[in-house]
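Structure in structure tokens, see below.
Chain IDs A, B, C, D and E follow the sequence of writing; residue 1 opens each chain.
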Amino acid sequence: MIIGRVTGEIHSTINHPFYDSKKLLVVEKTDPSGKPTGDYVIAVDVVDAGVGERVLVLDEGNGARQVFDSTDAPVRSVVVGIIDEIQLEVG
Amino acid sequence: MIIGRVTGEIHSTINHPFYDSKKLLVVEKTDPSGKPTGDYVIAVDVVDAGVGERVLVLDEGNGARQVFDSTDAPVRSVVVGIIDEIQLEVG
Amino acid sequence: MIIGRVTGEIHSTINHPFYDSKKLLVVEKTDPSGKPTGDYVIAVDVVDAGVGERVLVLDEGNGARQVFDSTDAPVRSVVVGIIDEIQLEVG
Amino acid sequence: MIIGRVTGEIHSTINHPFYDSKKLLVVEKTDPSGKPTGDYVIAVDVVDAGVGERVLVLDEGNGARQVFDSTDAPVRSVVVGIIDEIQLEVG
Amino acid sequence: MIIGRVTGEIHSTINHPFYDSKKLLVVEKTDPSGKPTGDYVIAVDVVDAGVGERVLVLDEGNGARQVFDSTDAPVRSVVVGIIDEIQLEVG
């Protein structure tokens, strides 16, 4: 899994029906200290995360589909947690 | 999932039968602001996306096969949405 | 599989129920000689690894779910071993 | 999926039985304009592609196994098409 | 699939039971000409490969599990062949 910060939302009207009622977030990947890595991922929200929050992202299709109780959802990336705190070793 | 811009189309006559009737798009990956990342992906179209349009791409085999109601399609990347707008946090 | 060193722990209260009772580790990826590669992964612990230990990480969803005897866990990365020693060829 | 150019062939006598009768190609990855990206993939051939040809490569295990009508083949990358032409938008 | 050269072995006593009786190799990734790419993978050996040998590595979980006749092995990367020769196009 990876971590990142929500930086925006994507709107799409012509799409696969699965995406019709989903909130699609832009997640900027960060390192554990919170520094952006320069990469991003588009992920479906299931924990009601908002812009600015640090989140845990699952980037794997079969697990992502289980989050939606589905065997056929065309989805790979899901925000599965909002991060309260990251304790990092100093040194 | 990732986002990108359709920049072209691929034609192939000698291929696995699955690809016979499919539109195969060249999608230039972009960051959320629309800037090319220098990478690309080849994806099958299912939303009738055209050159120049910004799209949402699913890059995962099992979900991609479900889009084609298939359990055995040799496919991994599918254009699953046309993007209307990306709202990005300023700052 | 990849190897790394545990550098911290992530705390999250709003998340998918699967993560409620799990220890979520920050693993800094390293090369075989122990040098950080600049990348990291967030992985669930199943071998009681602590900060500073070198670990073997499985980064693949279906195998990760099997570690938890689950078919529907939204998980991809698991710490599956603590490394005692890496014997590297000299030269 | 990705595209590339066949640059060579690999020979192996001690291997998993699946590979005994397969043609194993070295495929240099290219961008859509044909420029090498500096990366490569080793892929099993199913369209009788030869050195120098531009090809479409599927890099995903479950779909790759279906190409061989197998549920247990230890394979991930397959050359699934020979590319005739790539039409790219100018500008 | 990818190719590389075996450069070492990993020893671990505290681990998932699957790894108890397995030989765990450090494989330095190389390009087709044999030049290291700077990356590596940790892979389970099934062809009795030794340090210094060039090998073919399958890096995909479902196929890797099949190599061990298992549906639940937490494994992703397996050395599936020892490479005798790579014929590369000149020019």
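The rule is short, and it goes like this: a contact is a pair of C-beta atoms (placed from the backbone, for glycine too) under 8 Å apart; a residue touches a chain by one contact, two chains touch by 3 or more.
Note that the coordinates shown come from a computational prediction; the quantities given were computed from them, not determined experimentally.
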- Query: Both chain B and chain C are touched by which chains?
  - Reply: A
- Number of steps on the shortest touching-chain route linking chain A and chain D: 2
- Averaged-CA centre spacing for the pair chain E and chain B, given as whole angstrom: 31
- Task: Averaging only over C-alpha atoms, locate the centres of chain A and chain C and give their separation in whole Å.
- Result: 19
- Message: Residues of chain A that contact two or more other chains, please.
- Response: 60-62, 64
- Order around the closed ring of chains, commencing at chain D, then chain E: D, E, C, A, B
- Item | Partner chain A, residues of chain B touching it in the complex | 1-3, 31-32, 46-48, 56, 58-64, 66-67, 78, 80-89
- Contact set on chain A toward chain B in their complex: 7-16, 18-19, 24, 26, 28, 40-43, 51-52, 60-62, 64-65, 71-77
